[in-house]
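Shared chain: subunit A. Partners: subunit B in the first complex, subunit C in the second.
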Partner chain A sequence: MDKLVRTHLPRIAGLAFAGASLLAVSAAQAKEITIWCWDPNFNVAIMKEAGARYTKTHPDVTFNVVDFAKADVEQKLQTGLASGTADALPDIVLIEDYGAQKYLQSFPGAFAPLSGTVDYSGFAPYKVEVMTLDGQVYGMPFDSGVTGLYYRKDYLDQAGFKPEDMQNITWDRFIEIGQEVEAKTGKKMMGLDPNDAGLVRIMMQSAGQWYFDKEGKPNITGNAALKASLETIGKIMSANIYKPANGWSDWVGTFTSGDVASVVTGVWITGTVKAQPDQAGKWGVAPIPALSIEGATHASNLGGSSWYVLESSEEKAEAIDFLNEIYGQDIDFYQTILQDRGAVGSLLAARGGAAYEEADAFFGGEKVWQNFSDLLAKVPSVNYGIFTNEADLAVTAQLPALTQGTPVDEVLQAIDAEIAGQIQ
Partner chain B sequence: MRTKSTNILPALFTYGFVGLMAFLSVFPFIWMVLGATNASIDIIKGKMLPGEALATNVANFFTLVNVPLVFWNSAKVTILATVLTLAVSSLAGYGFEIFRSRQRERLYSAMLLTLMIPFAALMIPLFIMMGKAGLINTHIAVVLPTIGSAFVVFYFRQSTKAFPSELRDAAKVDGLKEWQIFLYIYVPVMRSTYAAAFIIVFMTAWNNYLWPLIVLQSNETKTITLVISSLASAYYPDYGVVMVGTILATLPTLAVFFFMQRQFVQGMLGSVK
Partner chain C sequence: MVHARRGGIGRYYDVNGWLFVAPALGLIALFMVYPILWSLWMSFQAGRGMTMKFAGFANIVRLWNDPIFIKALTNTMTYFVVQVPIMILLALILASLLNNPRLVGRGLFRTAIFLPCVTSLVAYSVLFKGMFAPDGIVNSTLQAIGIIASPIPWLTHPFWAKTLVIIAITWRWTGYNMIFYLAALQNIDKSIYEVARIDGVPAWARFTHITIPLLKPVILFTTVISTIGTLQLFDEVYNLTEGKGGPSNATLTLSLYIYNLTFRFMPSFGYAATVSYVIVVLVALLAFLQFFLARERDR
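For the complex of A and B:
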């Protein structure tokens, strides 16, 4: 017996030890959800908040939120998917809406479909459209880029316009107001970066069209909304109611410095607008102007991204449950991220919460968030296709021609030719 | 007829040109330093004067980033890569020059051809290799592909041409083995070549971005270049904080260059006097 124990004890102990450590490792690893996203102050912080909420009710699940630059997340995701090295991928990844179809179509089977689990009827329809492929819905809709017309009440007041005059106007009216504002105050109506097609995208989607049709084929020369958008930008340029900006920071500078009377962009700019305490009470928000064509609306979108679960993930079930429980249902979570980070989610029910109900003193007591939330449900759904970035480049390349007075139809032809060349 | 003015004009032109070039190369650096002292909003507005936000920016950088860990990661990767690259590639350069044969020349040409392949084309195969070897998200995976550097081998081979064969012969007569010749004769004689190569390899490794980005997967393994990239790509980047990070990231390469400037220039001019 003694001998038996002496010879076997180390082995038994070793076995027990190995077993214990194996268990410990699997217990610790099985429930850690790894997430890739960008922007430490926005997506990363929001995901950490979401993780903390889930861990409270599910103490065995922990989160590892890794932050990379946006381009870096895309590069890593692309490499990981292309190499087929599944263990190199996270469990959840953030993808910008404009690029979503590219990943879904290029890597079939790489992302877990969530239809059946997630109740998509509760989300803004246009966000769901972005992640739908062949009847299956992938991903959890996240932040919205629902657009608004931010305007300086003080400048417009000097020019003789009341907040009512800014509600539900057309772009032609907007240009008239701009000319009046410049005559009375010397301020330009808006900042415009000729190398950024963002405004084209806003206008086009507000009329329910995109660079691509529902089948994903280029939709340029016959695209009434795109044509009207380019015409409008041409009019803005020839009316000279804009302050030219060179790049993003410069463009942001046009309104933070108080040089322009309005901004048309996504709701995520609110934080930057409010970062100027000396401008408190001077801003108002209205729906964006509409194009003067059939199907035109006052609601559109710029940017925004969503969460996707990787099919190869070992924690797939937990990851899906986590997204569904927090992003799919937790109204209180949406209040927190709105208050702390200025993030407007795509869950329509979130508008009933306290943060959305609150009147914002910076905007003179307007219920800004409720207004955005109303618009959110009205954003027309379009198919972003897989070549939005390429199409964007083609449009940007032709914007100077537009400034020089080239007829819009010729510009459209040129854009069409360029896109055809790019996506072959 | 010669007047004074005809002599001054070319000089004026030369100094004007040199001055302009100097300004162009120094300006981003000055802007970086000024930026670190200003709040992000002032930088966007184009403020070009020193501000008062330096302390805030530094404090924010240190709260956002686990500075000791990130610098330790960068230092680990860089030192490993530098030491190993110098050891392996200098041996290879020495070998190619001293022991010539037709086959080796072919091998050498093939190796130089690899300089023509852009890294983007090698990335996915390399990534698969590292994945199969279970090295994803390790610093070893960052270092391994850089060790056999065709450029450094080439550089050492060119410099070895100036290594006097008499020294090697004398050492042989004295009974030194090949590895002893390399270690005790070649390395000390080629000191300035090593110094110059050290600076080049150190800078490349420290600033390396694409490959570490692909193989490193967690916050705990990230190097400084990845951290700065992530800070700068926020929807509203705090440029003041980014500038502080950039300055801190520049310091090690700056220090290495200043300490080894003399050897670097010597190495570039030719190593053996």
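For the complex of A and C:
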């Protein structure tokens, strides 16, 4: 051992020295922009594409796109910001719209304002609003989470349903279809993670309501949309038309494995759906089912996120220039990510592009993008506030009570009490 | 004269001694004392993220009105009250069994039971999550041998999720406690058992009347350690439930709640510090109680 160290140490030291000096040389020439995001089939792949485009015109800038789970990105970012040291943070980070204001308000000065550089008049106004604080706009608007009902045409056909039967249905009808599908094919209608309130959020927003009102005050006990959403989830559970999932990857597995007949979620899932080439042609897309209350629509939103540049980043200038050049101006880029990944961007000019008009062979030649684009215009706008995470947990905490037959009004009161304790 | 010289040497030793421990003391002050005092100061502040202001006892008032905190506290105490006795008793029984010199292959058994302790908390939690999934190996085995008709919802039903956490930590920590007992059992004079056997004392009575009383100091030690461990329970729950303490907050622990308050929710560092002091107070109280109970029995 001792001999090994003595003979090899100089060589190792020399190598390390050479490595360090190499690093120093390359650092002087090239800039590497580190980016955190979370979906390998979606924003990770899109960011890699964006990076490749930028490197083509700016060969001195390279990209390191790091892929984490979404919760890990959020928690790692929060830890880094709280620690006050920038070393552990990336240059650009993806933040979901629900959480944007939380970060902007909790960590003043942590994110670089882009107001002077980016022309925000070209983006969907609701996206810009989410990232505005005290007159400054932070971040580069990215994707919309307009929702759709993805369904397996082959399973539904076996159960005797045509694509027309899936258009503009109610949730009650959806449950009926689900029972029929299970009886005929043995497949569950959908995957459902009882610890994820995503479906509640989709239903609630489709009827124009949110956990919070326009002033940001909790809107729970008098929220007809939330009540109807919880009732619907209760019906789905008692009809047992779902395959339970535990966690995101488990939930994704319910449909990539072909175990369920439909998925109700944001358009960003398209990349994951299309990642199963053996399922090509078997999928169709319809507007989501509607609640049976006043103001109910077939359009909603789930998630959607935007890029933020860290103020402390050493490559801040390059990062901002990169986002502005690709995400702020490159119409062709938006056509590519739409067709390849299903990314419905929020740059308005990109929506007139040819890709939106095209039929998608994976979905059996439907003009899915045009449909999503039309739906996007109909998404009811709501105020996400800054406590969506807390409200989500309060809702999921009460879902089991709901399935055990607790009256919905009591469930709403329990949710209200839990949120009141959280928002301070 | 002699006295003065000795004092000189004494001072020399003193100075050198302190110099030797100074780096360690400096590190302890920096990484233990300072954070403890700082978190105490933080527990009197409130605000969002980095915008914190002095708030007096506002955080303590918030504790009383926070149903999630109450839930986390109840869960933590449930784990403590149910899991620690089961584990301690199991470890004691296993230790006595494996202490039997006539047992064939006891080295193998000892290793097997201790082995869970060397696994990473995260790794085994992830494995348990897979094993206890609706179509995981546990459910399919139980179904195959006909004990249950439909899969047990280990991860999605409040009761079963709590049970799963208890199973997991018992699996992980029983062997750890057993090792302490095995070591202590070596120190019990065999002649005591021989006498008892000659007097016709049955095995169970030997266990309760000889083994347990003689192991009392070790049992006290392991109980205190397990209490602290259970009150700080985090890794297993975090990994089994994707950090949410679900379903329905049924597995949420105080430590996980502190984590959520700091890193998942709107960051309330002050309130999180307050909750962490609740754990400090609880551990201190329970440890004191356990020492007190043990001392009473001495008389």
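Assume the second predicted complex is superposed on the first by the 257 of 424 C-alpha atoms of A that agree within 3 Å, B and C clash if a C-alpha of one lies under 4 Å from a C-alpha of the other, contacts with A are read in each partner's own complex, and residues count from 1 in each chain.
Here, a residue touches a chain if its C-beta (ideal position, glycine included) is under 8 Å from a C-beta of that chain, and two chains touch if they have at least 3 such contacts.
In this text the structure is predicted, and so the values were computed from the model without any measurement.
Touch criterion met: A:105 reaches subunit C, while subunit B stays clear of it. In the superposition on chain A, no contact is made by A:240 with either subunit B or subunit C. Judged by the touch definition given at the top, the superposed model places A:422 against subunit C, while subunit B stays out of reach. In the superposition on chain A, A:387 makes contact with subunit C only, while subunit B stays out of contact range. Of the two partner chains, both subunit B and subunit C are touched by A:79.
In the superposition on chain A, A:88 contacts subunit B only, with no contact to subunit C. Of the two partner chains placed around the shared chain by superposition, subunit B and subunit C are both touched by A:71. Once chain A of one complex is fitted onto chain A of the other, the partner contacts of A:397 are limited to subunit C, with no touch recorded for subunit B. In the superposition on chain A, the residues of subunit A contacted by subunit B and by subunit C overlap at 71, 75, 79, 82, 250.
Across the interface of their complex, subunit A is touched by residues 46, 48-51, 62, 65-69, 129, 133-134, 153, 155-158, 241-244, 246-250, 260, 262-269, 271 of subunit C. Contact residues on subunit A toward subunit B in their complex (touch as defined above): 34, 38-42, 64, 66-72, 75-76, 79-80, 82-85, 87-88, 90, 249-250, 252-253, 256-257, 268, 271-272, 275. Residues 41, 43-46, 64, 123-124, 127-128, 131, 136-137, 210, 213-214, 217-219, 226, 229-236, 239 of subunit B are the ones that touch subunit A when the two sit in their complex.
By the touch criterion given at the top, residues 71, 74-75, 78-79, 81-82, 102, 105-108, 194-195, 244, 246-248, 250, 386-387, 389-390, 393, 396-401, 414, 417-418, 420-424 of subunit A touch subunit C in their complex.
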